[in-house]
Structure formats: structure tokens, C-alpha cells
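Would you mind keeping the following structure in view while I ask a few things?
Per-chain numbering from 1; labels A, B, C, D, E and F assigned in written order.
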Amino acid sequence: MRPSGRKLDELRAVSIETGFTKHAEGSALIKMGDTHVLCTATIEDRVPPFIKGSGLGWVTAEYGMLPRATNTRMRREAAMGKQGGRTVEIQRLIGRALRAGVDRSALGERQITIDCDVLQADGGTRCASITGGWVALKLAVNKLMKAGDVVSDPLVDPVAAISCGIYAGQPVLDLDYPEDSEAGVDGNFIMTGTGKLIEIQMSAEGSTYSRDQMNQLMDLAEKGVAELVEKQKAATA
Amino acid sequence: MRPSGRKLDELRAVSIETGFTKHAEGSALIKMGDTHVLCTATIEDRVPPFIKGSGLGWVTAEYGMLPRATNTRMRREAAMGKQGGRTVEIQRLIGRALRAGVDRSALGERQITIDCDVLQADGGTRCASITGGWVALKLAVNKLMKAGDVVSDPLVDPVAAISCGIYAGQPVLDLDYPEDSEAGVDGNFIMTGTGKLIEIQMSAEGSTYSRDQMNQLMDLAEKGVAELVEKQKAATA
Amino acid sequence: MRPSGRKLDELRAVSIETGFTKHAEGSALIKMGDTHVLCTATIEDRVPPFIKGSGLGWVTAEYGMLPRATNTRMRREAAMGKQGGRTVEIQRLIGRALRAGVDRSALGERQITIDCDVLQADGGTRCASITGGWVALKLAVNKLMKAGDVVSDPLVDPVAAISCGIYAGQPVLDLDYPEDSEAGVDGNFIMTGTGKLIEIQMSAEGSTYSRDQMNQLMDLAEKGVAELVEKQKAATA
Amino acid sequence: MRPSGRKLDELRAVSIETGFTKHAEGSALIKMGDTHVLCTATIEDRVPPFIKGSGLGWVTAEYGMLPRATNTRMRREAAMGKQGGRTVEIQRLIGRALRAGVDRSALGERQITIDCDVLQADGGTRCASITGGWVALKLAVNKLMKAGDVVSDPLVDPVAAISCGIYAGQPVLDLDYPEDSEAGVDGNFIMTGTGKLIEIQMSAEGSTYSRDQMNQLMDLAEKGVAELVEKQKAATA
Amino acid sequence: MRPSGRKLDELRAVSIETGFTKHAEGSALIKMGDTHVLCTATIEDRVPPFIKGSGLGWVTAEYGMLPRATNTRMRREAAMGKQGGRTVEIQRLIGRALRAGVDRSALGERQITIDCDVLQADGGTRCASITGGWVALKLAVNKLMKAGDVVSDPLVDPVAAISCGIYAGQPVLDLDYPEDSEAGVDGNFIMTGTGKLIEIQMSAEGSTYSRDQMNQLMDLAEKGVAELVEKQKAATA
Amino acid sequence: MRPSGRKLDELRAVSIETGFTKHAEGSALIKMGDTHVLCTATIEDRVPPFIKGSGLGWVTAEYGMLPRATNTRMRREAAMGKQGGRTVEIQRLIGRALRAGVDRSALGERQITIDCDVLQADGGTRCASITGGWVALKLAVNKLMKAGDVVSDPLVDPVAAISCGIYAGQPVLDLDYPEDSEAGVDGNFIMTGTGKLIEIQMSAEGSTYSRDQMNQLMDLAEKGVAELVEKQKAATA
């Protein structure tokens, strides 16, 4: 029934290649099917003004798409002179999601910036960014721990994200672009490796959904996140 | 237990004053306690390029806060030269939420813009904007119907929104600012008058939540939205 | 002869409601007929760099219009990415006018920002902003004096403003929008409670005026400002 | 008593060099003492959208200052990414002033843009821009008349401007920078060659003025403008 | 003598992987040592206004760097709200260089946009962009020819670019970042497969160079470009 | 053969008028035929952050064109809200070129900004800016030396620039606008008074050139720069 032939609760093929670029303190190229996102982590010895002197660290994120990551070319945001509303919304989500999984006191007063740049898009780029971004973050933190700059691991529980939606009347896991553009109801679930919820964003466009459907989607999300967390653990072992 | 002395499932005092300004096709000043939002609806006989000729209408929204709506003065976005990320995110949410409750074919090829300007803020401005915005939208549509420009009502089921969160370990309804700034988990539920879900945004900052808690919050939201819909109906009767 | 039926030297109905919003150190909603402006005053313990260490205070102003304050919707300046020329000109005028009535040495090294936001427009918004802005400023200064932070009143003489113009060949006081859009000559007079001049801006569009006419307009302005000052005194007593 | 040794009612040395640049339809370098402004006029066969089809012409103006026209270097507005409030205010004034002296119906449906660029500044740049700008405008209109594109002269009465102010307690004409930076009261008078008023902008900073003083300044202005109009006539004869 | 141990006239290891992304009409990931640039080509059936109706085609380019392509993180240009001077200069160069090798009449009235995004930087990104950009362009043109939309090949002679400079007193080919940051004289040579010159940019920072040195650099460039052209031909065969 | 009747290796009439404006530490109006550029030098006792404390000075440049310096009016960059790509490229070139001729250690830790503003354009504005900019720079440095702030002359060898190109199949010196707009190959040579090379930018648009032609152009450039340097020496003697 799904255009890709996948089962309703089946993820796309997932791969995470660490060390894809050499300068960043952590880097990973995550592929969820044809969605490819390059995630890098940058450590800096400064924090935003509002937490200076608090002893707490900060994790933030920026998101971008190469102009021809999509089927038709989108205008380059740098050339337009601003980040679009969708971009700003996504990068705020990624930062908030990753921070929820960080013990900021254990991290200490430093900032880690996660850059998520979509090289190729086929739906689900924000979820891939969170899942891959956590891997880049983990690699950077591992460096800090190896160097003795951080003593107790601030990343005890992985953070991963997956989209779910109602496609052709059925709840499905991990929508690709053909599904995403048809689904009247879809959203993203961000969870930890131990199954706790961090963020739910479930919206309808020209449609509504029931509480029953919401529960079915949440079941799918739990299954999908669990599988992604296994991939994250393997990549950062 | 709540700073305001309210019960866990108790809304703030709600009032909706229609016709607050005279030029708009619809206008309403909604007060949720000390949160006051002026909502206006503007009808235009044009639609965005991507639906031209489709016969469908469009509803969109813009959001703003007066600089001293808050406890300390915020910089004026027009003077800064751009809308902040939070503003863009909120106005996209308002537009999406209201559109979900519109029969765009019945509306016909015209656009209605809902402006939501916060005159005074005390938490929950985006929910108040959606609830009050729907009233302004309804008043504008009523004008179109009275004039015979629209024949069948495109707004069959009201749309309202309410925040919920976990404050001091308890699930609470309709957070005010003192609660909102302390809550580690909070979000917004957008629903229709018949209890269907339009959008859920539930996020944690430096915390997580369980599926049980999620269900408790959803129970609260259902109660709150039902009460708001009564107010909407009274205001637009 | 006037569209509103007013006499040539008659102001519109004037009301000033203080305390319209709760967060600001001073706030007032001024109504000049159908022109409604919300004015708030914010006190900050910092001054612009060019007077740091001088012992002098500063008063500045910002001006905005809600998108649907007018008969047809105007684009939101924050969304356009800049304040228009008219806005910048008006807010510079408001700041200059209010400063002229302030003993900056008595105020001491602090800044008061007056925000004037037009909720509904029907001509004369800049004059209403100055007159209402002075009330918000006065209320904020009263707080400083009550707290003992300021000892000698820096606002000895009120500042108010009124428009005059030549409509249908006759000099008229306090133009509303239908008059303003027809008048070839019109402008604004800013004066103090003791009848001193602060600023005159009298311009013609596609027309000219004589020195005699200028004198007649000045007579009208003196009468109008005197009446406004009474309202200001009553509101801040 | 004046720093320059001039009499109270004495203009600075005035010169107007036409044809300073070759591409513009009209150009003039006006010097008022050490204030030097290059004014050019550009004719275009299009008008702003709001008068399309009206048969009326349009005159508009833009103003700029070279970064080192002043005693200390100012940041280049193009590099800052926007025109400052003072610039916008001045160019709106120049356009409005020149338009007041134009028979827009005689001009026909075309636009003339006056660019006023300050090469060297010593006070009074906006007045010099108006006076010099009218010369550039007149030269461009002469070209249109010579070519038969315009039949009846749309510029029957010259437009010129001069500053006046109260310096060291005395009303003085044509303030240079040392006077301007000291004067608590100063402003600009824009008049026609036949003595009609177009615009008065008289403001006080940290001071006020009486109606008597206003009349004295107006007397000075009438004398100054009359002398400038003679220079304009000579330059465009 | 060179940090990398290369001979004076030795290129870094070069690889060109075509089809790196799937949506673009042509794509190539070019690696010159540790400099990796993703180049995509987008075909559109429209041309810039200034050549509309001319029957000629257009080729243009945009350039970007991921924030952590470099050793320390650079601010994202989209977030800063504009492309920096260096970016604008480089993308203008790439477009000009590629256009020089295009028979725009054979291409027909369509536009091809080459996006060059640096995934990892180690010196020479603009040369890699030109060399890799030509490959993406060629692949896109091949598609047009295969589809019969273009009949005669508009790309008869490849375009490639290489940097040269004076490092430690010696003329060297293809500078990497450690060399580039030390060289007082360096620049770029853009040539065709048949050895014709398209563009030379040779500049000195805090240094100068002689005509003899210029000739030696040109000899190196001819050798380097010839080798790159072989790689281009292999990749697009 | 040339539109102007000049010989192939003949410069336009060159004049350099120093002291054209009075506020700058150095100023010069350079005329290369109908290309007129006003160059000013501003000395400041601060340097960019990246060389603070190094003991080295800095020279930078900004470039602008008055809107009607050209045959048809160009939009004012300040009004557009940004400097165009061409502007940014040119001002980076001017700064780099002038810096190459400065002994930054002898200059000491101060910054000199060269503003080059084109009053009238007829081709070759960037070369005129460099040649005239060096004169303004030299005059400013002379002031520093006269005042004893700089002891050893940091400008030992003048810097000048000239364009060359292939026009109607012939190598020509100092292209004016009619030649420049026809030439398929053209560029700029920046050299010192002793014949050393600083920068070469030679590009082709829709064409290519041979190494032989490159050598002929370089011969022309050497002749032209030598003549310009004589003019610079005379102006700053």
C-alpha cells in the first residue's frame, strides 16, 4: 500500500557514517532512505550571555538545506537575506530536543553547536537531523571526556526522532516525501532511549484526527525510535 | 498549590469583546486572565499564487507583541528589522490551526488574514490568539454570508486552543506566566468544538514526560477547549 | 461644513484612560474621536552612549500601527523587515517633542522609552501619540518621585500637540481622516501648557499658503493645545 | 557675534554650477559656504503605481552624504544595510517641497528623480538640497520643453529653502555647522519665488520659543529665500 | 619542502564522483585532497530579463560553505542575513568562468544554475568549484542533448581552474590551506581544455611579484589544468 | 580605430586635483577622461580586532557610485539595503591593492580608510579609484609624518592601476565605457612605481585569449602605469 512497498511500521534503510568531515569535533552523515543529512558538532568555550557564570553548558542547533537538495531548486537562504520560517522553526526544535537529553551541569560551561545540513531530501529531514545530530554531539562529548575536560557523561540517554502520520487512512511510520505530501495528518515524536517523551508535534492540514489515532501513532513512534537508538549506539560505540 | 489559587483543571477568567476596532471585517479582544490579545480579520479578494484558480480560499495569520506587553520591554521587531524565530513559529501555528477548521472550497477564492497583537502578556498568548482569532474569522465570514458572497458556512466547527503542562509535579490547565516559566513540560492542544484534534505541541525543556502524563494532559485539554468553545459561540451568536 | 459636523475650532471627543496595561511604569490609552493610541512608558537605568556620564537623562519614543488600524490593511513593518520612512519620521518627532519638555538634569542618568502603538486610526495619530505619550511619561516620572529616585519634578510644563489645516478653504482644528486626506495644507503644532512653542511642522502638498493663514492656524492651535493640557492634567492628577 | 563674522541676516556665499555631471538630464553643484551638494535630475517615462493612468507626473528625491563629507567619518549607509532615520526624513522633505512647486498635470505622466548627494557638509544640507535640486529639476524640464514633450512650463514659481534659528539669543539666517550645533531652536523655511509658504519645520531641542521669535525668524527667511531665488533664476536663465 | 611533501608542480589527489545527489540534472562531488565540494546543476526554462527573447542561454553559479567546513566554525551566512563579500566574489567568478566555455546560442534560451557547496575546505575551494561545476554542467547538458532539447553541444571545450602561488620563495601548483595562508602571492588560472585562457586572478598581500615569476606560475597552471581536464573527461565520458 | 580616436597605447586625459574636500585627512578628485572619482582618506586610531596589539597598521577601502553617475540611473545601494556584488568586489580589490604598497609596520597601529565615490562614470572606475586612492592615502600619511606620528615613510613605492583589453581584435590601453562594453577580454593591472606586479585580473566574457595576447596586454599596462605614477608624484610632491 505504501509507495515504497514498506510495511506500515517499517523504517526506511538507515545508515550513520561517522567522521564524514574532518574539522568538526564530531560529524555524521545520516541516511534515512534518500534523505541524507550531514551533522557536525562544534565545541566552543563560551556560552550565551543568559547563562554566563551559571556553570551550565548549552547545546544549540542550526539547520540548512542545499538549494538542490530537493526536487526543484529552492532559493538559497543566504542569497535571500534571511532564514525562512520553516528553517527557524526546525532549528529551534533540534536544539530544544537535544538539550532535553543533556545533563547541562555535567557538560560544564561550554557550548556545542550542531549544524544539520541536508544534502538530499526525501521527507523527514528534521527527524534525521535530530537523530544524526545526537550522534555528532555524542562524538564531540566523547572527545571532551577522553581529554578529561568533562568527567561524568552528560549524555546518559540517547535522543532520537521519527515521523508518523496517517497516509491513505492508515497510521504509518517514517513518511517519505511522496507520503508526506499526501498525508493530511503527520508529525514528529522525539523520545529517549529509555522510552521517555521529549516532544510531540502532531498537526493536521485540512483535516483532523481522533485520540485513538493519536495513540496508534504513538505506538508506531515508540517502535521506530527504539530501532534508531540501536543505530545510534552502534555508531558511537 | 497554583500561584493564582486556581484548581488544577481551572481556566483563567475568559472574556471576548467583539468589535473592539471598527475598520476590520471582524475584530475581538480576548482576555485570558492578564493575557490580552487583539485579533482582527481582513478579507481580500486575492489568494496566494500557489492556489490561484483552484477555487479554494486561504486563511493566514500574523502575530506580534507590543514592546511593553511584557514585564520588561522587548525590542520592537520592526526596529530590529525582522520577526524573531518565536514570532514566526507562532504565526505559522495560528494560520495552520485556523485553516484546519475551514472548508476552503466553501470560502471561495479569497484570503482572510488574522492579525493577533498581544497588548498585554501573562502566558498562553498563542492559545489566546487562536481562540480569539477564530472569533474574528467567524465575524468576517458572517459578513460574507450576510452579503451573499459566501453561501454555505465554511466554519462548521469552532477551533480553540489551550495550554497544559506539568507544574510542581502536577498536570495543570491554562498556565499563566509564573507557571509557564517554571514548568519543565508544557505545550498546546488545538481542538475543534466536536472534540477532534488539530494539533498537539508538547515539549520538555531539561526534562521528559511519560505516556501516562501525556494522557492526563490531554484529558485536561479536552475540558478546557470545551469551555472555550462555549465562549466563542456566545461571542459570535 | 466639516464632515463630522464639528465647528472650525472644535476638537474631537478626547478621553485618556490611564493604567490600560499593567506591566509598564506608565500607560495610557488616548482616544481623539476614532483615533486610539496606546502609550506606554518604560524606565531603564541606562542611557545612550553619547550621554553616558553626563548626569543627564534621555527620553525617546517608538511608534507603530497595528496592520488593521486603518481602513485597508497595511503590511506589518516587522514582516517587511524595516520601519517605513513615515514611521521613522513620526517617532523621531515624538521623542524630540517630549524631550523639549523634560528637565534632563532633574531626571538623572536614566532613559524613558515611550511606545506609541495605534490600535485604530482616523487621522492625527502623531499628535495623539505626543499628547498621550506625555501622560504615560508623567505617570512613570511620578513613580520615580514617589520612590525617591527623582527629587525635583523634571516635567514642570505639559507637552501636547494638535493638527491644524486648511480644509475647503477654511482653517480647521484637529483634522480627522476625511479632512486630512482632502486638505492641501496641514501640519502639527506642539506646545507646552504655558503656551510656548516646541515644534511647528506645516506643509503643503500640491498647494501653498500665506503668512496670514499661518497666523490663523496658530491661533487655532493655541486654543486646542490648551484644552488638551486640561485633559492631561486631569488624567495625571 | 557669529563665528563666521556674518551679519544676523546674511547668507553664506552662494554659488550654483550647472552641468557638473554629464549624464543626468539636469545637474547642479550648489555651494552654500562650505556646504557642497551635487544635485542631479533623472527623467523616466514611468510613474509610481498609485498615479498610473492619472495623467499626472511625479517628482521624488533621494538624499545621501559621502562618508567623509563631515568632520569625522560616518558609516556608509549602503554598508550598514539601510538609510538612517535622518536620511529618510530629509529625502521625504525634499521630494514634498519640490512637488509643491510643480504643476503635475503640465508635467504629464512621467517621473523626475532628484538625487542630492552631499560632497562636503557644514550645516544646512537639506536646504541646499532643495534649492539646488530645484535647479536640476528646472534644467531637466527645460529639456523636455525644448524637445516638445512638455508644452506648458510646470515650474512657474521657483522653490528654495533656508534655515533660521536662535543662536546666542539672536535670530540668525542660514546657520553653518558651528551655529547649528549650538542653537537650541532652529528650522527650515521652504518658500516660492513669489513669497508663498510651502513648508515650515521649526523645532526646539531642550528649549522652547515664543510666537514673537517665530515671526522674527519668518522675516529672516523671507529675505534669504528671495536672494536664493535670484541665484536660481540666474543659473537656469 | 611543501608541508604535504608534494613536488612543486604536483596536484593533490583528485577525484570526481558523479551522481552524488539524485534530484539535480547533474551533480558531482569533487575532491582535491581534503577540499570537498558538492556541485549540482539545475536546468530552468527561463532566463534573466536582460536576455529574454535573445535566443541565448545563461549559466550562473552560487557558492556556499557549510559552517563547519573549516577548522573553526564560521557563522552561517543565512543566519547573518547576507552573503559575505568573499562569497559574492567567488560565485561571480564561477559563473563568469563557466559561461566563457559555453556556446550560449547552442544552449538555447534556458538557464543552468551551478550550486557549489563546500562540505570540507582545505584551500582552493573556488578552483575546485569551477572544475567540479563544469562536470555538473556537462552532465546536465548531456541530458538536454539526449532528450533532443539541445542539438549541437554547447560545451565543446572543458573549463578547469587551478591555483598557483609563491610559497617559501618557490612557485608551487595547487596550494593547500597551510601553503595558502603563508603565501604572499597567489592566484587562480582558469583555462580551457585546449589551453586558452579565460581568467587570471593573481594577487599579492603584503608583497609583490615580477613578470618572470608570473610566467613561471603560468607554466605550472598550464600543466595543472591539463591534468584536471583529463579527470573531467573521464568523469563525463 | 578607437571610438575616442586615441592610439592603442594612449591613456585618456588624466588630472588629479588634491584637497577637493576639506574635512578628510587626504582628498583627491581624479579624472580619467569622463570618469571622475572623489577619493578621501580617513585616519583612525584603531585597527580591526584581528591585528590588535600587533603593532601593524591597516588600510581598507569602500567604493560607491552616485545613482546618476551612469548613463541611466542606478538604484541607490543604501535604499536597496545592501551593497551589490560588484561594489563589494571592487572595494575589496582597492583595499588589497593599496595595502600591498604599504609598510604596515612603519604605519603603526592605526587604520586609514579610503572612500572612493564615483561622481561620473565612463569605464575604468576601479582603476581610477586605486590610482586616486593612493594619492589620498599619501596625503594623509604626509600629515602623520609632518606631525611626527609616523617616522619612516610607509609608502615608498606608489601603487597605480590601469585597464587593458582586446577591442576589435586589438590590445588597447585604458578602455572607456564604449570600448569596455564591447570588449570580450579585459582586465586590470595593478603595479608599483618600480614596475612590480601587485594584482592582475584578466577575464573573458564569451571569449578566450592566448598567452601571447596576455603578454601584449602586460606591455601596455607597464607603459600606462608608468605614466600614472608620474601624475601621482606630481600631485603629492
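Just so it is clear, a residue touches a chain if its C-beta (ideal position, glycine included) is under 8 Å from a C-beta of that chain, and two chains touch if they have at least 3 such contacts.
Worth saying up front: this structure is predicted, and the values here are computed from it rather than measured.
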Legend entry - Co-neighbours of chain E and chain A - touch as defined: none
Legend entry - Degree value of the rotation bringing chain C onto chain F, based on Cα positions, nearest 5: 120
Legend entry - Greatest separation from chain E - chain, by CA centre: C
Legend entry - Rounded Å distance, chain C centre to chain D centre (Cα mean): 28
Legend entry - Centroid spacing, where centroids are CA-atom means, of chain A and chain C in whole angstrom: 51
Inset, instruction - Express in whole angstrom the distance between the two chain centres, defined as the mean CA positions of chain C and chain E. - result: 59
Inset, instruction - Enumerate the residues of chain C that touch no fewer than two other chains. - result: 81-82
Inset, instruction - Would you mind giving the ring's chain order, read from chain C onward, with chain D coming straight after? - result: C, D, F, E, A, B
Inset, instruction - State the interface residues of chain C toward chain D in the complex, per the touch definition above. - result: 82, 85-86, 88-89, 91-92, 96, 99-100, 104, 187, 192, 196-211, 214, 218
Legend entry - In the complex, chain E residues that touch chain A: 21-24, 27, 34, 36, 38, 40, 42, 44, 62, 64, 66-71, 73, 76-83, 87, 113, 115, 117, 119-121
